[in-house]
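The same chain A turns up in both complexes below, where it pairs with chain B and then with chain C.
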Partner chain A sequence: MICLGVIAAYVLIALGGMVYTWVAEMDNEDEILPLQQMVHYERKDQPPRLELSDAILGTDWAGKSTLYKVLLGAKTSLTVGLMANIIAVPVGLALGAIAGYYGKAIDDGIVWLYTTLSCIPGIVLLIALKYTFQDVTVLGLDLSGIHGLYIALGVVSWIGTCRLVRAETMKIRELDYVAAARAIGTPGPVILLRHVLPNVFHIAIIRFSLGFVTAIKSEVILSYLGLGVKPGVPSWGNMIDSARMDLFMGRWWELSFAVAAIFVLVLALSIFGDRLRDALDPRLRNV
Partner chain B sequence: MGPFIVRRLIQAVLTIFGVMLLTFLLFRVGAGDIAAAHIGEKSTEQDRMDWLRRHGYDLPTIVNVHERLVVRDKSDLNGRPIEAEDAGASLAADRLALVPAKDTTRMLVGRYVWLWRTARDDDVGNLTEGRPLTDAGEGTLVFKLADGTDLSVDPTGVKTVGELLDRINNHPDNRDRLEASITSWRLGRLTHSQFFDHLVNSVTFQAESLATEQKLTTIIATRAPRSLALTVPALALGWIVAMVTACFVAYYRGTLADRLGVLLSVLGMCIPFLAFMIYGQWLMFHIAPVRAYGLWYRSNIYVPILIMVIAGLGPSVRFYRTVILDEVNRDYVRTARAKGLPLGGILFKHVLKNCMLPILTQLIVSIPFLILGSLLVEKYFGIPGLGDLMLSSINGRDEPVLNALVFLTAVIYTVGLLITDISYAVFDPRIRLR
Partner chain C sequence: MKAFYAITAGVMLALAATPFALLKAEDHAYLAGKTVSYGAYGAKIKSVDPATCGDTTSSSVIQGHVYEGLYGYHYLKRPVELVAVLADGMPDVSDDLRTYTIRLKSGIEYAPNKCFGTGPDGPKTRAVRAEDFVLAFKRIADYHVGAELAWPLIKGKIVGLEDYRRKTAAYKEGDFSRYDTLAFEGVEAVDAHTLRLRLTRPFPQLVHVLAMHNYAPIPREVVATYLRPSGKTEIRTPEAVVGTGAYVLREWIRAGKVVLERNPAFRRETYPAEGAPGDRAAGLLDDAGKRVPFIDVLHRTYVEESNPAWMLFLTKQHDVAGIPREAFDTVIGPAKKLTDAWRRKGIRLIKGRSPAVYWLVFNMEDPVVGKSRALRQALQLAYDVETHIDVLYNGRGLRATNVVPSTFAGHDAVEIDGKPVGGPSPYCRFDRDAAKRKLAEARDELAAADALNEDGQIPTLTLDLPGRGARTRRMGQFVQQQFRKLGIKVELVLNDWPTLQRKVRRKRCQIYTMGWHADYPDAQNFFQLFYSENIDAGTNNANFSDEQFDALYEQASKMMPSPQRAELYAQMVEILNEKCPVLLLSEPISFLLVRDWVSNVKPHPIGYGFAKYRRIDVPARRKAGGR
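Let's turn to the complex of A and B:
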């Protein structure tokens, strides 16, 4: 229950961040500034103090409020998690069901595809994909930034879903009701949609919730390596990257609050994901 | 047994081929203009072509039909080498990328025709990557012949390949001294292409770094020990600590110690890996500043190892605990307990033996990281191993190095899995049924 509350709070903050960014873009009188323009050099590197009304959590080297950065970072992390899973889970679900149901050459092809992808360590594959996306623009989307991140994470994380769905579909295929449906001449795609998909859908839900955690963690690492979201975009990974030397100068706040924000969100998401998994399918405990 | 091993071998070979295909698509086809990153954006087309040819990047992507523009100088056997230059506003020599042939000074060659053959009626863009020979203004394409004279060809208005050849061959001053032609296609050397070079280079590690021109084998031989010095102890120590902790919490399952252990490992899993490194280094900096970065002292490696062990503890303990508890709930354990055997004895004598299978598989899966080291740890602590090399070759667009490292990890991983699968099949007959 607490987890759900925490997740809901993060979602609200992220939505607030979206509205804020949108309003700041629309606003022509420069009353509401986007984060990039909130520069106040006169109050740079301030530690957290109550007197700094809109910067209770201190300021960075350009006087930007750490509080705002942390809050706006929620938007980036949550969209990355959401988009990566929106790409990965349906692909994994569809390919897994098709491979498991039709078997033979189709199965071999799909299994070959995901074995090939999975024998390159995840982080290396992510880095390789983002490296390739460096100057690529597809359909007006600049893949060197956050859009490339969605796709790279999607490409890396559909494999787990596909594997589980395939195994489950292979079991379901042999069940009596599927055999009966085949016997009365129901075509394959209809059986897949009507009889197989509803019975493997819980895997997709579980993977969706657990995939969030992976995506958020990966965003942080890739942003730190300079391969994630573009510099200047408010994101926890960028915050950690820009503040990693701060600790040695005694400026602990920016780094620590970014880490804390990630920690709380990941904790809430993993507990929620685990509970969801235990409720929907206890057999998947080792996933 | 036999058919299983054969099938598994074929699968492994296909997977490794898949990796080669993937790295080719990612690092060669998708990577954009690698030459520009190495010799600068402003270099001339001929310099670029020279660089591409030196590294084999001028070859066609998949198959090579050996069709390209060839200009042969027949004027004098012992004169100066033939050259092509642009005079005035002409861009023809640059865009045709005419460079001296490998084995003779009598010949200039252009770039290979991309993908398929070209006929006389085809657009001249086939030879220039789609661009016209001149943009605007007057200019000539000048050939400096071996007998000391120059031959100026006017490239304006040339539309087709045939027109270009005719302008050179039927030039009034030519008198059979200069012969331009398109090489006729040779079926025998179809594999003289980037893809097949890539396959060979991947398997043999014969390529050279684009940045330093060092042999890959040398680079890997000098850097791999540093990565292994970091990851082998980290993996071994991490495994032992996680195993002991998991056995401990599994033995006291349901008690406060178990709950505390699970809680701590969940909390540990949620701290970003970067945070472990940053705070760990900061702590070390306060204890001994010179030990916090780099490898000037051999013992500097202890801190990164410790950080890897601690960061990896959470997920491993949780996983091993689940595996052990799954086994503890089985009938044979209940029987043994009913006979009055102590739980500790059962745990270490029978249960641990039976849950080695998933645990060993998990160990094998982490083998690729042995070679590559931990990318992040190496970068952060300044350990010049393979992971650090990989990250720097991404920034430097050093494609052969990147390709070799990804391929190496993939091969070791595949071979590791192959060996485990086969040894399982040998030792556990139930596995073969799958």
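Let's turn to the complex of A and C:
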């Protein structure tokens, strides 16, 4: 319950951040400033102090409040987690079910595809994809920024779901009710949709919650390498990267608070994912 | 079974030890008893060949110490003053300013090298001859040698230069007979000690160009011994680095380290006896008249990140260091002086002005920024350069007020017909209200050029940045913040350096960060960046083209320094001020920290290779806990 509460709080903060950014973008009079403009050069590199009313967590190189950066960073992390999984889980689910149900050449093809992809270390593949997305624009989306990140993460992370769903489908395919459905001449796609998918859907839900964690961590790593979201977009990865040199000089706050935010979210998500599995996985229920 | 475990443990241990056994230890015995200076460099060395050298790291870490040109700069005097190095006095210039006759100093020898043969006491040497300079010019003109800096500076100015280049294109890269069979009209060895240069037009900056080590003599033997067998035109190995300088390249490991040792055949040269005002009080003239170099070995390690380099300085492993941005506030007090705590550690702060100007370039062929002069002026007015210097460079810089550095003649206004012309740009001040007024003008101009968005807004601008490091990104974000205050949005594009260069060359950038560091102390070096003929040569990367400016430039570049030329310079500055092809940012000031055991340190704004004048007190260093 606590975990759910924490996640809900993050989602609320992210939604708040989203609304705020949107309002700031719309506002041409600059009464509501986007984070990028909340600069106070006269108070740069301040440690956390209570007097800095809106910056009690300290400030960065341009005098921007670490507190705001952490809060607005939630939006980036959560959208990345969400979007990456929205791409990855359905792809994994569909391919896994098709491969598991039809078998033979289709199965071989899909297995070949994901084995090949999983041969390449995930982070290397991510970096390579992000590099190829430089200066690429598809359907009006500039892939060198955050959209490319969604796609790159999606491409890398459907494999796990696909494997699990395929195995589960192969098992379900042999069960009596599927055999019965086939015997009365129900076409394959209908069987897949009606009888197989509902029974593997719990995997998708679990993978969704766990995949969130991976996506958030990857975003942080890529932003740290300068390949994630564009500079200036509030994100925890960008914060860690920008604070990397600062830590050396004893300016710990920006790094620490970004890491703390990631830690709490990732922990909450992981525990939540585990519990979800306990609740949804029929095998575990009997143990 | 016991034997199995013993063998396993043994194999594991052996495997774990291999890295240590195979690692080569530093040759400490070689350094014993010698005066060694330790330091770091932060960028990779791209070239050890004077012809292909174009970056400051290659020049300052290796080439400046090894190669010498005909002329050079006085170590101490400011403003900088030319001195003859390999030449015997200043050149004899004909009345039409087109023929330069230069006598060489006699008895100057190359550092001993195997390419000159080996005698009973090791490698031999030989005296420098005028034909070695001819070879140097032939290599720069050679089609197969990528002389990225040395070529554009003399292009079109020496008789037969282009002709020679065209002819060498017909030869294969490894066919070095082109240096013997092809004649080069403009550069000629009259006898062993006399060199004659013939120019296509007067080029008053020639002497400054000859002061660059890029035009150092190259002995024929280097080509025969090191280049011919490899078939490559570029000098790439340490043993093929043969110069007349005070040091010899002993070891060079790419992205590793550089070891330079004293050149045993270095001519007798003494520490200067005169300097700029204040040098005597600073102790810079204490060694006057003594023979240089003082230091036996220059040991430089490649340290890419600023933090480890800083740690090496703090732990007394290195003698000299810059200050990382993050550490700046702890080291330098509010008055831009070293804090007492640091002074007590036995550290001195030495500041130096660099003849460089940093700016944001507007691509003048861009359909938005190129079309509206008012927009460029507005952006210049709205940019808070003072805060930019303070936040991004810890105040290590001055606001640039026109394209010519403030230490150069040509920076200040000149009175023509009772009116001041040139001088500081009227737009180089921080005035957001004036900027907003200019922006209204810019809207009209852009509307006329049909460059506004559908909703009548100024389109989002794009800023291309070199690199993806934290520093670069901060710079980009700062620009975003500044322009946004005018209501103009900026998108940042992070590139690596080669990608940015390629994009700039293809004119595919809109705004990008650049700057220029003077090659020689003449404002002409900065004006050539805006001469339209140099658009193709790559130096005019703003793609600025203005007929009036071109005419003034052509006229001025043939003139020796004179009041008339100063007027032309002022008029050129005036045009650039008004048209704003670049958003002027800062002139850098370098801060150097020096340990007390190092003396005779004075940063030189232009020249390289002054480590020969530095002195290190090794006993003092040991006593302080250093090496």
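Heads up, the rule we're going with is that the second predicted complex is superposed on the first by the 281 of 287 C-alpha atoms of A that agree within 3 Å, B and C clash if a C-alpha of one lies under 4 Å from a C-alpha of the other, contacts with A are read in each partner's own complex, and residues count from 1 in each chain.
The working rule: a residue touches a chain if its C-beta (ideal position, glycine included) is under 8 Å from a C-beta of that chain, and two chains touch if they have at least 3 such contacts.
Everything quoted here is computed from the prediction, not taken from an experiment.
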- When the two structures are overlaid on chain A, which partner does A:77 contact: first (chain B), second (chain C), both, or neither? neither
Between chain B and chain C, more residues of chain A are touched by B
Task = Tell me which partner A:249 touches in the superposition: chain B (first), chain C (second), both or neither.
result = second
> For A:144, is the partner it touches chain B (first), chain C (second), both, or none of the two (neither)?
Replying inline: second
Looking at A:230 after the superposition, I want to know if it touches chain B, chain C, both of them or none. Which is it: first, second, both, neither?
second
Practice item. For A:45, select first, second, both or neither according to whether it touches chain B, chain C, the two together, or no partner. Key: second
For this session: Once the structures are superposed on A, label A:112 by its partner contacts, choosing first (chain B), second (chain C), both or neither.
Result: first
Look at A:66 in the shared chain and tell me whether it touches chain B only, chain C only, both, or neither; answer first, second, both or neither.
-> neither
So the chain A residues that chain B and chain C both touch are 225-227, 244, 248
Listed in rising order, chain C residues that touch chain A in their complex are 306-307, 324-327, 329-330, 387, 390-391, 468-470, 473-474, 476-478, 480-481, 484-485, 487, 491-494
Touching chain A in the complex, chain B uses residues 11, 14-15, 18-19, 21-23, 26-27, 30-32, 266-267, 269-275, 278-279, 282, 285, 319, 322-323, 326, 358, 368-369, 372, 375-376, 379, 390-391, 394-395, 402, 405-406, 409-410, 413-414, 417
Residue set of chain A touching chain B in the complex reads 112-113, 115-117, 119-121, 123-124, 127-129, 131-132, 134-136, 217, 220-221, 224-227, 240, 244, 247-248, 255, 259, 262-263, 266-267, 270-271, 285-286
Residue set of chain A touching chain C in the complex reads 28, 30, 36-37, 39, 41, 44-45, 61-62, 144, 225-227, 230-232, 241-242, 244-246, 248-249, 251
